[in-house]
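Next come two complexes, and both contain subunit A; in the first it sits with subunit B, in the second with subunit C.
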Partner chain A sequence: METVTITMKNAPALYLEADTISTDAFAGKNAAQIAELPVFEGNNPSTLGKYFEISGNAGATSADTKIVVKGDVKKVKYLGFKMTAGEMVIEGSTDQYVGAWMNGGKILVKGDVAAFAATAMKGGELTIEGNAGNYLGAAYRGDWRGMSGGKILVKGNAGSDTGMYMLGGEIVINGDSEVHVMTHAEGGKVVIKGNAKSKLGGQMVEGTIIVFGSIDVMMPGYKPNGEVELEVDGTKARFAHFIGDMGERHKKKKGVVVYGNLYKKI
Partner chain B sequence: MSEYIIKNGHVFDPVQGIKGDKLDIAIKDGKIVDKVGSGAKVIDAKDKTVMAGAVEIHAHVAGPKVNLGRIYRPEDKLFSCTPTKGMERMGSGASIPTTFKTGYEYAKMGFGVAMEAAMPPLFSRHVHEEIRDTPIIDEGAFPVFGNNWFVLEYLKNQEIENTAAYIAWMLNVTKGYAVKVVNPGGTEAWGWGLNCLTVNDPVPYFDITPAEIVKGLMEANEYLGLPHSMHIHPNNLGNPGCYETTLDTMRLAEGIKANNKFGREQVLHLTHSQFHSYKGTNWGDFESGAKEITDYVNKNKNITIDTGNVTLDETTTMTADGPFEHHLTGLNHLKWANCDVELETAAGVVPYIYSPNISVCAIQWAIGLEIPLMMKDPMRCYITTDHPNAGPFTRYPRVYKWLMSEKARKQQIDSFKHKDKVLSQTGIGALDREISLYELAQMTRAGPAKSLGLASMVGGLKPGMDADVAIYNINPDKPVANPDDIEKAFSRCAAFIKSGVQVVSNGEIVSNGHKRTLWVNVKAKENPQVARDIAEKFVKYYSMTQNNYEALGHHFVPNPYAIEVDATN
Partner chain C sequence: MTKTITDVICPFCGTLCDDVEVVVSDDGKKLLEVANACVIGTEKFLHSQSADRVTKPRLRQADGSWKDISYDEAADYTAKMLAGAKKPLMYGWSSTNCEAQSVGNEIAEIAKACCDNTAAVCHGTTLIAVQDIGLPTCTLGEVKNRADRVIFWGCNPAHAHPRHMSRYSIFPRGFFTGKGQMSRKLVVVDPRCTDTSKMADVHLQIEQGRDYELLNALRVALKGEWLPDSVAGIPAEKIREVADILKSGRFGIIFFGMGVTQSLSKNHNIDEAIALTKDLNEYTKYSIMPMRGHYNVTGSGEVFAWQFGFPYSVDLTRGFARYNPGDSSSIDLLTRGEVDAMFTIGSDPGAHFPISAVKGIAKVDSVCIDPHLTPTSGVSKLHVPVAFNGVECGGNCYRMDNVPIDCRKVVEPPEGMLTDEQFLVMVRDRLRKLKGAA
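Now for the complex of A and B:
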């Protein structure tokens, strides 16, 4: 695997829309060619080389390419956009749309990410060592197709609207979650190891939410369905089981009505 | 204005019966002429196909419901933005493009005229503002009449003259082009939570049937002698078994003769006929009724149709058939928007994905192609996608490919997940007809122009007609190696001259042309009763005053082109 290191040297005055910082866009290019890749600073077309110092050449394919992003990229959006393979390590915190529409490969963010990380993610792995912003693994504005595959791990806390319109895949939040989790979901799983606030699984017709800590306010559309013993991430515990959202239509699979599941550790 | 001469192209012009002969086309002062001087700009069309500018008879390209679609589907714009480039302003949207992108895309395919198929009269100002902002192409808009309270009340008492006077007033104040009817009576019935699924279902409160509305509007249309006929989206759209309602609707035209000075022969235009040609009783035994529909249309010369081809894309459905859109959101569970317009109409909007892996969608695709392939007279059947309902208009070249190449159809059928079901439920597998370039010119140029009453202006290359000329990279002398070449050639024309100005060169926009708004100016007899009824309804029911209703003046219609109709005798 070949490694390309890009280091922020001239911070942009406006937000940088850098959907070309991905293993797929870099694949098969040398450092000089990578520097010529187009980006937008606000609405001004520009090139990557204007902002970043680029060292190393990419591999022949995205799977053979690793990107290390250094320096302050808090004003850079779309890192790892539509990535299908390979690796990316972001050493600090970054802005919106990290790993949006990603389909494979691995992204590690050592700091925090802003909103819309992993929008409509289809596959691959995204690990965030700090905190995640709002709309993690959600659908794009107006769309009904959220995260459908892959895995996201947030070691810190997550913002609101995690997994909105989620269809599949898994999100694990080691810390606490803000309001609205898996709204409108039709599949997938969100695990909250810390505490949750309110509006968990609103209008969810299928999917699973597991909460280890407290829930401030339960949705009225969920009804108790007994207790179960579950093993989650290697931890065995007893959980109260709720099904819902009862206010929504629910599909039948093999004659059995499918509900959204909410588990809260006892 | 400049002069052009288009040399050595293979010309296809149904108006003059020219079938691919090598001819030169001369243009002067915006018109086709016999000859031009030696200083004329020469455009070399050697080994290329030359046709008149295409004419779009039915598309939803401007107005409140189109804009509602744009507003509530940001995801439609997501990966479809085109930045500013040369003459072009930025645009976005795949199934519901911005006004600018709409104009550019039509022009790049060689279209000179497009008709907005459903204008809510109350929002005619909005429609005209969008038309104004759509560059290059000439456009007209059809106000909707099929659920209008005035029309329902007049026709309940068989008052054809009053209906005609009201239509004349409406066309004049909304700068409208033709009489459009959408789910006659059904949309109004929906205000009571009901619908009209046959032509005999009574409309609540008004105590009138769809049959009476349709027949009355046809008669009023011919009483006035309008350029286009009544243009109808019948009841019961999109349901298995709906072909019977469609046949019942068309039978209402029996015995009615066209009366106009524009050369139009039909009295009823059946739009997006694909959606109205379904047999079966449910989605399981759903099958094609294309044969029954085309057999009837082939025999009855006073009817024209357009196709409404499903293009197998993700798109946005939008229609003034409010109850249908509510029904559709119940089927696909995607977001629904509704737009009720006071005394006049009620539109709905729902996204839809025509997936090749779903048998119903694949059968709809096949029915859309069966209809034009079974129609004997290409002058009476026009290609549309009911943009954006069955697919975006930008997919026309793909529809042409399927119609012109049996090989392309077979490839598509073979790729369907439910191939056997498509072949058993439709007749598409047995159709080996391939539409010729001449027939395509009939279906996309001369035919729709004649149906719209524009035959003397557009759709042909006869001297005296408007100089809308499209040149495509197709050499009719050589067999088509790959059907995809047809799609490619019609997607981006080599050159397009619109009203004597070259607007496209090598598929790129080079001028924003001189766009016009086509409308019908009817001079009708004074009718004090109708004038009083209008004034009264505005006072009693409308949320605005009559003075604020009219789309007038330079702001709304900066480049009007009025087609004069004298109905005073």
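Now for the complex of A and C:
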């Protein structure tokens, strides 16, 4: 695997839209060609080389390419946009749309990410060592297809609207979560190891939410359904089981109505 | 001799009353009296006659004072600012006519700007929900003639839309609502006691920020499912009772305001309210309608959607229209420091935005086009006063139920003053030359 290291040298005055910083766009290019890739600062078209110092050449394919992003990229959007394979390591915090529409490969962010990370993610792995912003693994605005595959791990806390319109895949949040988890979801799983606030699973058709900590306010549409023993990420524990959202439409599978599931550790 | 002009449109709120009468002087230069309008609408008309009105564009000087300049100089300044900016924000549009909005969109396209209207701090969340799950709605005429169940959720029309209740929603005697207020059941959901809630048959005094839960509980109650003992501070029996009241009507309407669009859950509240409306249509006829604020905020959404495909928070910086509130919305753009020029028209973000966003306006080059002296004109580098739309010039506007109504000119503007549209055309033509656009 070939490694390309890009280091921020001239920080943008506004924000940089760098949807070309991905293993797919880099694949098959040398450092000079990568420096010519287009980026936008507002309505001003520019090149990657104007903002970043680029060292190393990319592999022949995206799967053979690893990108290391260094320096202050807090004002850079779209890192790992539509990535299908390979690896990306972001050494600090970054802005919106990290790994949006990603379909494969691995992204590791060593700091925080802003909103819309992993929008409509289809596959691959996204690990965030810091905190995540709002709309993690959610659908793009107006779309009804959120995250449908892959895995997200947030070691810190997550913002609101995690997994909105989620269809599949798994999100694990080691810390706490803000309001609205898996709103409108029709599949997938969100595990919150810390505390959750309220509006969990509102309008959820299908899917699973597991909460280890407290829930401030339960949605009235979730009906108690006994207790179960579950093994989550190697931890065995007893959970109170709720089904819902009882106000929302639900599909029938083999003649049985399928509800969303909410488990809260006892 | 004075002249009385009838059937005048009131350019204040989204109710867009069309029965106002004004008395003007014989030469048509002075507006003397206003009849039929509410106190706010009357003030809007009379304010055009105030003696301390600014009539010339003013440019802020280095020492903080203002210097009067000509409209030509103001148009030059504005065009240069927009041409030089990497990410200009063009905000407002809700208190001007659709014709001016359309010229503004041409400017935004040439300048590759972000453009947004006051929905960003008002009913923008409604528009998000409408895009997510649709909107079963109707006109205010249908409400007047048919509605026997009226729900005001998180709004207070007694103060914000003063004539809404007498013209459409509570008191009028319509075709199928011959007994007026007697033929309607009024449900108000509001954490506060308001002048609207005092008239209600049922006032659900909900815990603040729990609208999403209560809307959900009503949907659960309609399906006859299990409910906890109390939701949002309202007992389960009460929720089931209200669900029965709602579904027993012949025609119901849910009006909602900023109490739900700008409190916790925002678009999700509206999403759930629309879903409740859809559920109620299983039993009887139901519609839902946002209580739009500015008299032509609806029109701004229409013009944006017609020309760019999205109703607000449109980002044209890459040469095509993108829309994602949170990224392309004004407050986020300003607080995050994403823009380098601010163009305001027909709105007052200085009074309505959080202070962190207003500080963002103060940091960049800015132009404010507004007939009034406002906090925004105070913080802007250039203030361009214009004629009052709906008083001193006509033009197309949209009522809160998406019905287009032409505003009327009733009095002459002070001599030499331009309208929004005239000034914007000057800016557009200059910008075309600067950018070399066709």
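Keep this in mind: the second predicted complex is superposed on the first by the 266 of 266 C-alpha atoms of A that agree within 3 Å, B and C clash if a C-alpha of one lies under 4 Å from a C-alpha of the other, contacts with A are read in each partner's own complex, and residues count from 1 in each chain.
As a convention for this text, a contact is a pair of C-beta atoms (placed from the backbone, for glycine too) under 8 Å apart; a residue touches a chain by one contact, two chains touch by 3 or more.
Computed from a prediction, not measured in an experiment: that's the story for all the values here.
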With the two structures laid over each other on chain A, which partner does A:A60 touch: subunit B (first), subunit C (second), both, or neither? neither
According to the stated criteria, A:M1 is in contact with first (subunit B), second (subunit C), both, or neither; which is it? neither
Using the touch criterion from the header, give the chain among subunit B and subunit C with more contacted residues in subunit A. C
Output check: A:V228 vs subunit B and subunit C. Expected answer is one of first, second, both, neither. What do you get? neither
Just checking: does A:R141 make contact with subunit B only, subunit C only, both, or neither of them? Give me first, second, both or neither. both
Dual-contact residues of subunit A (subunit B, subunit C) 140-142, 144
For subunit A, which residues count as touching subunit C in their complex? 13-15, 17, 40-44, 77, 96-97, 115-116, 134-135, 140-142, 144, 179-180, 183-184, 198-199, 202-203, 217-221, 223, 245-248
What residues of subunit B sit close enough to touch subunit A in their complex? 72-76, 78, 333-335
What part of subunit C is in contact with subunit A in the complex they form? 85-87, 111-113, 128, 131-132, 210, 212-213, 216-220, 222-223, 225-228, 231, 264-265, 268, 271-272, 275, 279, 316-319, 323-327, 336-340
Quick one: which bits of subunit A touch subunit B in the complex? Just the residue numbers, please. 140-144, 249
